[in-house]
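Both of the next two complexes hold chain A, though its partner changes from chain B to chain C.
After this line comes the complex of A and B, so read on.
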């Protein structure tokens, strides 16, 4: 296997998922109550074809408080190990929020990180997480004084309308991950990003743009996965698992069929109870896959994310 | 073997026909992003994968389809370019 980049590793991570879960039916009722549309047939499709059952909903904590819940245990562990946080990457999926001023203010003050360089990444929707990995790699490559990066992500729907995408259901979540320079145990070997600029409007795009995104979606995902493997001179058999975002079950089922893979090659176990956790899916699923024993030491695996017109894929070794 | 634009186009239509896509009204100018060419995402992926296999090329997604108004003509040109590079 060729390893074009092995500049950083995932040292530790922490995910905060609100304990409260709301069912698809309840969510549909809330959307309808607010004047939206969520038909019985759509409920069936979301439950049967897409395999959504519940999504986590945060009713008490604000977005900064959710971030604190995700960051606190991780940063405490880093302090005990005397590991530095030299930079902070903040990933956001949603473009709408009422408490955007400085979501990390409390975390930064609590841990004396106010002076750390801070980079905000968004506009690539749910694929922003892979763009953040690329940015981290580039920062490690270009700045020899950066040895540790805190990557954080948090999103919360401010209205029931924003929980629903045409083919997905969003749950609230915050996550934090510590990336460390060099070749450690859990390495990120290769990162691939593809952006189709015709979808520059993202979720606000025209109906015909959405239609085209939906038409090209499977093919674009297939291509980025194949390209990542080809660049690493790997075959699917070399990879233990594909950990995708929880966009919906059907996406990974169709791709598995087209790629002639067993459906369980894709990790889809958390879709039913967690829904699509914006940019935190990947970390949440990574944690779950390890806990399930689906990933073992030394395994190669891919992470895959898709935004509106933006796609990300990375090769890692656990 | 080098193929000209019309030959590539006819071969694309053959692949579409093999996938039960009605090609009667298809021309270079037909836009791939509906409404001229209404097609679902799974069939769309299958068509493109079959084109890759037919022409023994790899379609780069943004290059092949990332034009603002992608048409069968722009896809034909892209494939013709791939084939030309292969024969060089």
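After this line comes the complex of A and C, so read on.
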């Protein structure tokens, strides 16, 4: 395997998931109550084919408060270990926000991080997390004063309509992870990002563009995974697990068939109870996979994120 | 470290919004599922209708404002300047403002309409006017870390209601766009420095009083001065341009910088309008039309966000 010389690692992470979970049926009823559509057949498809059961819904906390909940345990641990935070990266799926509100104000003031350079990046939809990993890698490569980066994310659906995508259900979530230069807990070895800008209007795009997206979706996913493995000179047997976005179960089921892999090669255990957690899926699932014993020290694994028209893939070693 | 060159072009929105049209836009109705309406409702905030009290006159004031889809204007400008014909590796879209079309991705739309292939688009936003500086830092790191040859950074802002164009004593926010073409070998300027110093009050900006805004201004003046002085230890600064945030900010920074034997170039056209992330580039364009900056001279552009801090780009005029 090709070994790059400029490693960085995911050293630690923390995820805040609201305690309130709402069932697919309840969400469907809310959407219908607001004048939307969510038929009985669709409920069946979401539960049976896509394997959604409940999603977390935040009713009390604002996005800044969710970020605080995610950051606090992590930053406390970093302080105890005297690990520096030299830069802060934020990614979100949605760019809907107050023009110049500082969402991290409380975290910055609590931990004396106000002066840290900050970069808020996006427009890769839920694959923005892999864009952030690539940015972080570039910053580690080029700035000798950057040893540790705090990467944060938070999204919530502020209206029931925004919680449902044609084939997915979004759960509110905030996450924080600490990226560190060098070979630590989860080395990040390779990162790939792909965007097809045809889908700039997302689900509001032209019908023929949406049809094209549905046609090319699985092939684009397959392609980015194969490209990542090829660049690392690896085969699927060399990789223990593929940890993907919780976009829906069927995505990984079909992909497993296309790649002639066993379905359990993909980590899908959290889809039922967490839904699709925007850009935080990967971190949530990584934490869960380690807790479940699905990853052992030394294992190579892939993370794969999916947005409408955007894809990210990275190779890591535990 | 390899050099990075850039050429800058800025354009103020070609149409204007009268004070009365702007104020009356707040009385428009919004559907309950309108994303911006939901944003306000989620935080239990009412639309900001204090502009009249803040001094925006119905009759007198006209604010440059894009009409319709600003990305169409952007594509047209870029195509006229030949960017659709060039191989671009990176398209960085910087913005402070957000529109009502929550699902549309402007970076992708511009890439698609220009016909840019094998180009990585991304956005930098949600950090006020510092998005421009942040974007330049990230583009710079791409050039240093990856085999990028050409990059385009666009900064485009279009304030739509129910967001306000005015806060306390700040200048009214106007719409504008700027784009920067980065290459490794040629351009009007060389980039010598791009960096930020964050600062923010401990109070949520939704609860600010006029005193809080002025407190933020003073903090920004101090931070801007500190950052400029730090940069000056390593590199001479011949010209300085600061974002037109407010009269008091410009006066305060001008006074402090004069004490360091430096001066601020102040814009005369649209002098009372804050063009957000494009603002210093708009001033740079005016300066360029009035003053012959000699090759080798340096220009510091100061960007400011009351709730995020300050950022500086230091450019050197190329031969």
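Couple of notes before you dig in:
To be clear about the criterion, the second predicted complex is superposed on the first by the 306 of 318 C-alpha atoms of A that agree within 3 Å, B and C clash if a C-alpha of one lies under 4 Å from a C-alpha of the other, contacts with A are read in each partner's own complex, and residues count from 1 in each chain.
Here is the rule we go by: a residue touches a chain if its C-beta (ideal position, glycine included) is under 8 Å from a C-beta of that chain, and two chains touch if they have at least 3 such contacts.
Quick caveat: nothing in here was measured; it's all calculated off a predicted structure.
Of the two partner chains, chain C is the only one that A:137 touches; chain B does not reach it. Taking chain B and chain C in turn and counting the residues of chain A each one touches, the greater count comes from C. Residue contacts after overlaying the shared chain place A:236 against neither chain B nor chain C.
Of the two partner chains, chain B is the only one touched by A:212; chain C is not. By the touch criterion defined above, A:204 reaches chain C but does not reach chain B.
Once the two complexes are laid over each other on the shared chain, residue contacts for A:195 go to chain B and to chain C alike.
Judged by the document's definition of touching, chain A residues 195, 197-198 lie at the interface with chain B and also at the interface with chain C. For chain A in complex with chain B, the touching residues are 194-198, 208, 211-212, 214-220, 222-224, 226, 254, 258. For chain A in complex with chain C, the residues that touch the partner chain are 34-35, 62, 64, 90, 92, 94-103, 105, 108-109, 113-125, 131, 135, 137-139, 141-143, 158-159, 161-162, 193, 195, 197-204, 309.
Contact residues on chain C toward chain A in their complex (touch as defined above): 32-33, 35-36, 38-39, 41-43, 93, 95-98, 101-109, 111-112, 120-131, 134, 137-138, 140-142, 144-146, 159, 163, 195-202, 204-206, 305-309.
Residues of chain B touching chain A in their complex: 32-34, 39-42, 44-46, 48-49, 58-62, 65-68.
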